[in-house]
Structures are given as C-alpha cells and as structure tokens.
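Structures given as structure tokens follow.
Same chain, two partners: chain A is paired with chain B first, then with chain C.
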Partner chain A sequence: MAQIGGIELANVTKQFGDTLAIDSVSMIVPPGTYCCLLGPSGCGKTTLLRMIAGHDEPTAGDVLIDGQSVLGLPPAKRGTAMMFQSYALFPHLTCLDNVAFNLKVRGVAKAERRKQAHEMLDRVQMDGFADRVPAELSGGQQQRIALARSLITNPKVLLLDEPLSALDEFLRLQMRGNLRQMQKEFGITFVHVTHTQMEAIAVAELVIVMDHGQIDQADSARGVYDTPHTTYVARFIGGQNVLGGKVVRVESGAALLEDARGNRFTVPSGDPAPDTGETRYLSIRRDWIEMEKLADPSATHSDAVNSVVGKVWMTEYQGTWVKVSITLPDGEEFVANINDGTFFANPAREGDTVVARWSAEAVHSLEHRESSFDTSRGGMQA
Partner chain B sequence: MAQYRKRSWTFYVLATFFILFVLFLYGPMLAIYILSFQGPTGGLTFPLNGVSLHWFGALFEQQRTGDFAGSFTRSILLAFLVMICTVTFSVMAGLAFRRRFFGSTAIFYMAVASLVMPGLFLSLGIGLIFRVIDVPTNWYVSALGAQLTWTLPFGLLIMFAVLSRFNRSYEEAARDLGATNRQTLQYIVLPILFPGLIAVALFGFTLSYDEFPRTLLTVGPGNTLPLEIYAMTTTVTSPALYALGTVTTVVSFAAIILSLGSIAIIQWRRGGRFRK
Partner chain C sequence: MKVPSSIVPYIQVAPLALILLVFFGIPLVTVVVVSFFDYVNFQTVPAFMLYNYEEVFTSGLTITLYLTMLKYSVIVWLITLFIGFNVAYFLVFHVQSLLWKIFLFLVCTVPFWTSNIIRMISWIPVLGRNGLVNQMLISLGLIDEPLDFLLFSDFSVIVAYVHLFTLFMVVTLFNSMARIDPAILEAAVDAGASRWQVITQIVIPLTKTGIALGSIFVVTLVMGDFFVVKIMSGGQSSSAVYAMWNEISMLQYPSAAASAVILLIVVVLMVVAILRVVDVRKELSG
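And then the complex of A and B:
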C-alpha cells in the first residue's frame, strides 16, 4: 500500500494570550510513520497535535499535509482524524451509530452507512458490540470503538491524544501493540502524544522529544535513548547517568573534565574543541557501568579517570539485572544497572561505599539544557 | 449488623424538631386533601360528613363563586408558553455564555438582577407601562412577559450547571468527524443535554403555574389559577376550594413525575439498559 500522510510544520508558533505555548517549531514526519510526541505535561505536545488536527490555529507558521497547506481548513477537510484523550464517544449513541457518525453527517444512506460501520467494527474485532452504548464497554473496548470511528473517515493522518492513559497497565501494553499493528495495516501516519517514555520508545519509529514548546530532539526511538543530544533528553528519557565538569585539558580528540569533588572524566572533545575552564556534560548508559565495593567507607572521590564514588542507598532486583542507586557526595543520584550474576557474586548492600567505573567509549557528550522537568519523578527503569 | 448504640440527647431534640417541621409542612396540605373528599352536605372543617367526589364535580360547573375551568386552562396554556420560551432562550443563552463575548458579564448580572427584584413591583411597573402605551394587559402578553423575567434567569442558571458538566470534546469530536455546527447541535449537543433541558422545562412550567405576584397586575381581564384561588378564598365557602387544591397539586405532581421519569429513562438507556 502506498504510504500517505506526510506532515510538515514550518516555524509554527502558538500563543495563548501572553503565554508562548509553541515556540517556532519546525518538523517533518514522513508519510506512513508512527511518530510519538513525547514530553512532560505542559510542554506543548497536545497543542501541537491540536494544530495539526485543526482544533487550534497557529499564531504564526504553516502546517502542511502531503505538501498542501491546511491552515484555515476545518478538521474534516485536512484528511486528519483525532482520537481524543478520553475518547469522547457520544454517550447517547450505540457503538454502531458512533462509528457511522461521519457517514451520517456526510449524507450517506442509512443502509450503506450501517454496512460500512459494521465492516469497520469487524476490523477492530468489535462487531459483537454494535448495539451497545459506550457506558457498557471497558476502557480497551471504548478505545477500539474510538479508533474505528476515526478510521472510517479514511484519514491520511491519525492523531492520538494520550490514547493509552485511561487504561490499566496490562491493557496499555496490549493496546500499544494493537495501535502499531493498525498503523501498519492502514499504511497511514500516526501521531501519538504521550508523556510515558517507555510507551514512545516501544511503538514509535520517530520520537519527538519536547519541552517548553520546543523540540529538543527528533530521532529514532534508539536515537533518543542511546544518543540523546541534550542533558534534558538524557534525563527525561532515563536510562542514562548525566555528569558535568570543567574542562582541564584537551588532547587527541578527548577532553578531560573535573567536577567539584575532584572526579575526572573524559569526553569526546568534538569539533571545535572546548576551551579550558568551560563546563561540559556527558552521559553514560546505566547498563554500561561496573561497580566495586570500597574498603574505605569515607572515600568521596576516585583518583582513577572515568569513575565516581558514592554510597548505595537502594538496590532493586529487576530479574535479569539489579538496579543500584548510588548517592554521590554532592547529592546527585547515579544509577548502575548490574547484570544479576555479577551483582550477586559480591552483592553491595545499602550504605556501602562503592566506586562506579566506565570505559571512555561508553561516554556520550551532551549539550546543556535547563528544564522544568524533575528527574526524580520521571525516567524509565532500564 | 444492627448494634445498639446509646444516642446523645441532641439526637432526640433534633428528631423532635424535624418531626414537628414535617407535620407543619405536610399536615395542613394533608388536611386539605382529605377535606376535598367531603360529603355533599359537609362543611369547611372536620369532621367529614360522608365521603364523595361531589366537590370535584362542582368545580366544573360555572358557578357564582369563580371560574375554575377558564382560569385552569389559562394557567396551563401560559405555563406551556413560558416553558417553551424558557427552554429555547436559556439553552441559546447558556451556549452563548460559554464564550466570553463583549458585555457578557454585564448581561449576566442584568439577567440575575431580575431574580432579586420584588415581583409585585415588577408587576406594577409592567402594568403601568402597558397603560402608558395603551395596550390592554392580557395573560398571554403582559403576564407572559412578567413571568419570563423570573423563569429566564432561573433557566439560565440551571443551564450553567448543566453545561459545566458537559465535556466540550464531544463537540470537537463531532467537528473532527465532519459535522457542521448545525449537525453538531442537532445530533450531539442537544441530545446529550436533553435531561438538563427537561429540568429547565420543569422549572419553567412549575414556576409559571404557581406564580402570583408577577401575574397579579399584568394578567388583564382573565385570571390565572393562583389568582382565581386567592379570590375564591374570600368568597367561596364550600369544600370546592379544597377540591381545587387537590386538583392543582395533582397537576404539579404529574409534571414533576413526568419530567423526572423521562430523565431517569434517558439515563438508564445511556447506562445500557433497555437494549433491543
């Protein structure tokens, strides 16, 4: 099936009164992509979605779908369909009438629209529920009706506003697989808004990480997880430890940093190389860290390059690995995910002083970005 | 798990007070309902001199005492007119007030102000104006207007309550699915709000049906029922008056049961009962 539904935003800005909700955002979503808009609440992701849908108009900039500007067009003329956060199924209509609503307002004859609606219900495995009203359905069933109601309009782009937030954990995992499958089956673009990192990484081909009405990084799922560009993305996605320090010297493509405690790290110097005294940030994946107990419990820093010293304050068994949370002397949290076999060969206990080490190749350089996001609340497990 | 627990003395004081209040509330009305079944030779007070429907029959004969049938018809028609106007305008105003338009605050306070204006003076003023512009006062013109000054703000306030629970994403979803504004209103907004509209209609009807001060000086030559009853209390000396009280109560109750019943049926349907 030919892939349709390419989206392009060109310098889109949205202001509500004095508040700048979206600050000159440009992005391209190729046709037939599963795209996630990811960010903490209030970052502007839903506003962006609503502007693509036509429920809000940008203050400045342009929105194009398959190369055509859709500014000023009503939602139905844009080739988009939106699935609302709580689904907004019409409570007074049966599932069949909900799904057939678009056909009804377009003037399709009753017999024909019932036939088409039954077919669409069948595609989401809900035909047995045609005569029920939404209040009789579970959250997952309601979601499938909402999906059918949107897809019957033959959209090029399906916009999903937090589609899984109303479901419990088990259904969430099941339905996110379903959504991915539906997207492949219909060959259209899905834009899925979420604040859950795991959800975005699991379903999306293109993850757009947002904060403060701006895009921080638009990348593949692996890209945002493995090679975050900024301290904000690294902290928000989780799975990474973020450290910073002042440049001491630069040699052979690597900069040597030193933090306030005297720990030293190397980071690829990049181009152009930083000046001495500049502050640089780096991330190291939590699962690429080695840990060793120290005999001296009062140690606060390590003399070896690429290591930190801290006290274990919590260990969490996760099955194939153990999550070890270490508090550094300056109060920062540092996490090491240690393979379960390695960990239990010489287990660290809460309160132990440990040194955490990593190889220079595991380090990834970051751009610094201030963020309102509180790292203690977010970040995913792995 | 009925378990004996010693109640404090305040319970008995408050319970006694409550019982007295209920007696005060329903006792007199109950006495009137019972006395309306007074035998043909009975009087205005207890004891009952036999039981009959005589006085109900007497209501429908044109008598020297009053015009029950005429005033009853006028009251019911007027109540329906008021109800239709109240629902129509309250719904439109309620929907309009969801957006802030120029002067919306001023209009809102003006509408609410007519709730606190003394009805009798309002009635007096309207009567006066009609005399000045030389239009005869009549129940379906001046009295209708006077009653609307009372029912419209009431209806508007109920609509605010109804709309505050209305999720705007229903409208957005309808528009997203290609519905025009008219289709959204017709197929989505009004049907979802329908139980609320019944409540507005019920208030419009009952407020009009027993309205006294606003009608008093605006009604013109033909009385509405409350005015007629008031006139009869001074002239009628038979239990027909009580029969009238019973009949009007039955009408009010019928209106309430009809409204609440249909609201209940709609809510049941949306909960999924009554499926084919």
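And then the complex of A and C:
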C-alpha cells in the first residue's frame, strides 16, 4: 500500500495568554510512520497534537499534511482523525452508531453506513458488541470502538492522545501491539502522544522527545535510548547513568574528566576538543556496568579510570537481571543492571559499598541541558 | 438503648414521611373529599355527589380557560426552551473560565432577588401605552401611534411568563449540559459534524432529561398560575386557578375543590406525557 500522511511542522508556535506552550517547533514525520511524541506532562505534546488535528490553531508557523498547508481547515478536511484520551465515545449511541457517526454526518444512507460500520467493527474484533452502548463496555473495548470510529473516516493521519493511559498493564501491552499492527495494515501515519518511555520506544519508529514546548531529540527508538543527545533526554528516557566532570586533559581522541569526588572518566573528546577545565557530561547504559563489592566500607572514590564508588541502597530482582541502585557519596543515584547469574554468584546486599566499572567504549557523550521538570519521577524502570 | 436494626430505616424516613403526610397528604385528601360535598347558602354540607364535576365539565368557561392556559403553556415552553438552551449552551461550552461561569450564572439569577409580583408589575411602565417601549419607538420615528398590543394582551402575559420562568430552563439545561464531556463535542467535530449537527446529534440527545425537567417546571408553573395572567392581560384572560379563587371568595369550596382536582389531573397527565418521552430517572440518579 502506498504510504500517506506525511506531516510537516514549520516554526509552529502556540501561545495561551502569556504562556508559551509551543516554542517555534519544526519537525517532519515521513508518510506511514508510527511516531511518538514523548515528554513529561505539561511539555506541550498534546497541544502539538491538537494543532495537527485542527482543534487548536498555532499562533504562528505552518502545519502541512502531505505537502499541503492545513491551517484553518476543520479536522475532517485535513484528513486527520483523533482518538481522545478518554475515548470521548457518544454515550447515547450504540457502538455501531458511534462508528457510523462520521458517515451519518456526511449524509451516507443508513444501510450503507451500517454496513461499513459493521466491517470496521469486525476489523477491531468488536462486531459482537455493535448494539451495546459505550457504558456497557470495558476500557479496552471502548478503545477499540474509538479506534474504529477514527479509522472509518479513512484518515491520512491518526492522532492518538495518550491512548493507553486508561488501561491496566496487561491490556496496555496488548493494545500497544494492536496499534502497531493497525498502523502497518492501514499504511497511514500514527502520531501517538505518551509520557511513558517504554511505550514510546516499543511502538514508535520515530520518537520525538519534548520538553517545555520544544523538541529535544527526534530520532529512532534505538537512537533516543542508546544515543541520547542531551542530559535531559538521557535522564528522561532512563536506562542510562548520567555523570559529569571537569576536563583534566585531552589525548588521542579522548578527554579525561574528574568529578568533585576525584572519580575519573574518559569520554570521546569530539570535535573540536574541549578545553581543560570545561565541564563535560556523559552517559553509560545501566546494563553495560560491572559491579564489585569493596572490602573497605568507607571508600568514597575509586582510583581506577571509568569507575565510581557508592553504597547499595536497593536491589530489585527483575528475572533475567537485577537492578542495583547505588547512592554515590554526593547523593546522586547510579544504577547498574546486572545479569542475574553474575549478580547471584556474589550478591551485593543493601548497605554494601561497591565499585561500579565500565569500559571506555560504553561511554556516550552528552550535551548539557536540564529540564525544569522533575525527571526523577520519570525514567524507564528497565 | 438498642434499636432493632429492622426498624432503623423506618425511623430514618419517619420525619420526611410525617411532613409529607401533614402538609401534602392530608390537604390533598381533604380537597378530594370536599370536591364531592354539597354547598348551600355559603355552607359546605358533607355529601357524596358528582354535581361539582358536572358543573365544571358542562361549563363552557372551563374549556376556554384550559385552552387559554394550554396555549400559553406551549408558547412559553417553546420560548423558554429556546432561550434556556442558548443561555445554558453559552455558559457551559463557550465560557472557559469557571469564575466567569459562576459569575454569569449568578447574573441570570439576579431578577429572582426581588419578588415575583414586583418583577411582573415592573413590565407595566415598560410596555404601557406611554411606556418606555412605545416612547422609544415613537421618538425613533418608527411608529406614529403607540402600539396597543404591548400591554394587557397575550403578548404581555407571555413576556411576563417568560421573564418569570426562563431561569428554570436555564438551570436544568445547564445542569445536564455541564455533565457532557467537552471532548465528546470535539470528537463530533473531528468526525466531520457541523456546528448544527453537533447540536442536533449530540447536545440535544444528551440534554433531553434536562429539557424534560425544565419543561415540567415551566408547564406546571404556567398551568398553576394565579395572578400573572389576570394582571398582565388586564383582566381579559383568566386562568383555572383564578376561577377557583373566584369560587372560594364566594365560599363555594366544594366547587373550587372539584376544579382543583381536575387541574391536578390535567397537570399530572402532562407530566406523565413528558416522562413517557424522556426517562428522567437517569438524570435524578446522577
């Protein structure tokens, strides 16, 4: 199927009174992409979605769908359909009439619109519920109806506002897969707003990480997880430890950093190389860390390069691995995800002093940018 | 003291049941009983006869009164529904700030801070032959002679009713519209519905319980009206209740009681008809 529904935002700005909700955002979503807008609550991701949908108009900038500016057009004329967070099903109509609503307002005859609605209900495996009203359905079933109601309009772009947030964990995983499958089947663009990192990287081909009305990074799922650009993205996505230090010296493509405690790390120096004394940040994936118990419980730093010393404050067994949370002497949290076999060969207990080490190749250099939001609450737990 | 749990619910409903019995049940039964009594020379005589009803049904005046009141009910109902719907829609869906919503809602209730009678009488200097409206129209050169239909006419009766009763529509419609998730309206727009389709397909079906409750208020208030029609029509029209008042003032209690029972039945039938169209239990149970 030909893929349709390319979206382009050009310097889109949205102001609500004195508040700047979206600050000159530009982005391109190629046709037929599953795209996630990811960010903490209040970062402007829903506002961005509503502007693509036509439920809000930008204060400045342009929104294009398949190359055509859609500013000022009503949602139905844009070729977009939106699935609302609370599903917003019409409570007085049966599932069938909910799905057929779009055809009804366009004047499609009753028999024809019912036939099409039945077909669409069948595609979301809900045809058996055609005569029920939404209040009689579970959250997951309501969502399927909402999905069918959106898709019957033959949209080029489906916009999903936190589609999984009202579901329980089990359904969320199931629906996540269903959405991905639907998107492939229809060959249209999905834009999915979420604040759950795991959800975004599991479904999306393109993840757009937002903060405070701006885009921090637009990248593949692997890109935002493995090679975050900034300290904010690294901390928000989780799965990474973020460290910083002052440059001591630069040699053969690597900069040696030292933090306030005297721990030293290397980081690729990049181009141009940093000056001595400059502060640099780096991230190391949690699962690329080795850990060893120290005999001396009063140790506060390690002499070896690329290591830190801290006290274990919590271990969480996760099946194939163990999440070890270590508190560094300056109060920062450092997490090591240790393979369960390795961990239980010589298990660390809460309160033990440990050294965490990593190889120079595991280090990824970051640009410094912090969010005004509290990101400690976020961060993927994997 | 330990009360057996089986009688606790009865004790709990007792105060309300007692009040209803004393102030509603007993008077109602009395009226029904008296409606079968005889009256002779300003004396009410216990008896059982259907003469009072016969008299009401055979009087041409009864039909005229009920038809007039029905006419007023329908016109007032249509106008209050139109105004009430628009005001409630504006307050619920167009006013964004909650503070403004509350403020504007209170503004709607301002006329109710004065008595019904004052509010009604105030229309007389506005609509009269030398009233504000006529003076304005003449000084604007739109008319040469004062308009006579403005006061002491059906027009003035309806103006007064609408003024008195619109708030009941606004309140009940506001209440049921406020329960509609605004996302539902957006979803309808998203599906391609026009403004008008959003109202007819979504808002009206979802507010029909509010419409029914407001209609019950307006229709029963108009049907039970006593003085508005008399004063605002300048004595040209009358109401069923006013006819009863005439009978009472002539001490013909049984006759008045029979009229009251008939009016009660008519109004109950109208309410039943409204409830048959709309199930209001949903609204009342929240």
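Note that the second predicted complex is superposed on the first by the 380 of 382 C-alpha atoms of A that agree within 3 Å, B and C clash if a C-alpha of one lies under 4 Å from a C-alpha of the other, contacts with A are read in each partner's own complex, and residues count from 1 in each chain.
In this section, a contact is a pair of C-beta atoms (placed from the backbone, for glycine too) under 8 Å apart; a residue touches a chain by one contact, two chains touch by 3 or more.
No experiment lies behind these values; they were computed from the predicted model shown.
Trainee: Clash or fit: what happens to chain B and chain C when chain A is overlaid?
Mentor: Clash - chain B and chain C, as placed by superposing on chain A, overlap.
Trainee: By the touch definition at the top of the document, which applies to A:51: first (chain B), second (chain C), both, or neither?
Mentor: It touches nothing on chain B or chain C.
Trainee: Could you say whether A:242 touches chain B, chain C, both of them, or neither, answering first, second, both or neither?
Mentor: Neither chain B nor chain C is touched by A:242.
Trainee: Which partner does A:74 contact after superposing on A: first (chain B), second (chain C), both, neither?
Mentor: So A:74 meets both chain B and chain C here.
Trainee: Could you say whether A:84 touches chain B, chain C, both of them, or neither, answering first, second, both or neither?
Mentor: Once the two structures are laid over each other on A, A:84 reaches both partners.
Trainee: Check the residue A:160 against both partner chains and state whether it touches chain B (first), chain C (second), both, or neither.
Mentor: A:160 contacts neither chain B nor chain C.
Trainee: Touching chain B and also chain C: which chain A residues?
Mentor: In the superposed arrangement, which is not itself an observed complex, chain A uses residues 53, 55, 74-76, 80-82, 84-86, 88, 90-92, 101-102, 104-106, 149-150, 153 for both chain B and chain C.
Trainee: Can you list the chain A residues touching chain C in their complex?
Mentor: Touch residues, chain A against chain C: 53, 55, 74-76, 80-82, 84-86, 88-92, 101-102, 104-106, 149-150, 153.
Trainee: Show me the residue ranges of chain B that touch chain A in the complex, using the header's touch definition.
Mentor: 167, 169-170, 172-180, 183, 187-188, 191-192, 194, 266, 269-272, 275-276
Trainee: Please output the residues of chain C touching chain A within their complex, sorted ascending.
Mentor: 181, 183-184, 186-194, 197, 201-202, 205-206
Trainee: Going by the contact rule at the top, pick out the chain A residues touching chain B in the complex.
Mentor: Within the complex, chain A contacts chain B at residues 53, 55, 74-76, 80-82, 84-86, 88, 90-92, 101-102, 104-106, 131-133, 135-136, 149-150, 153.
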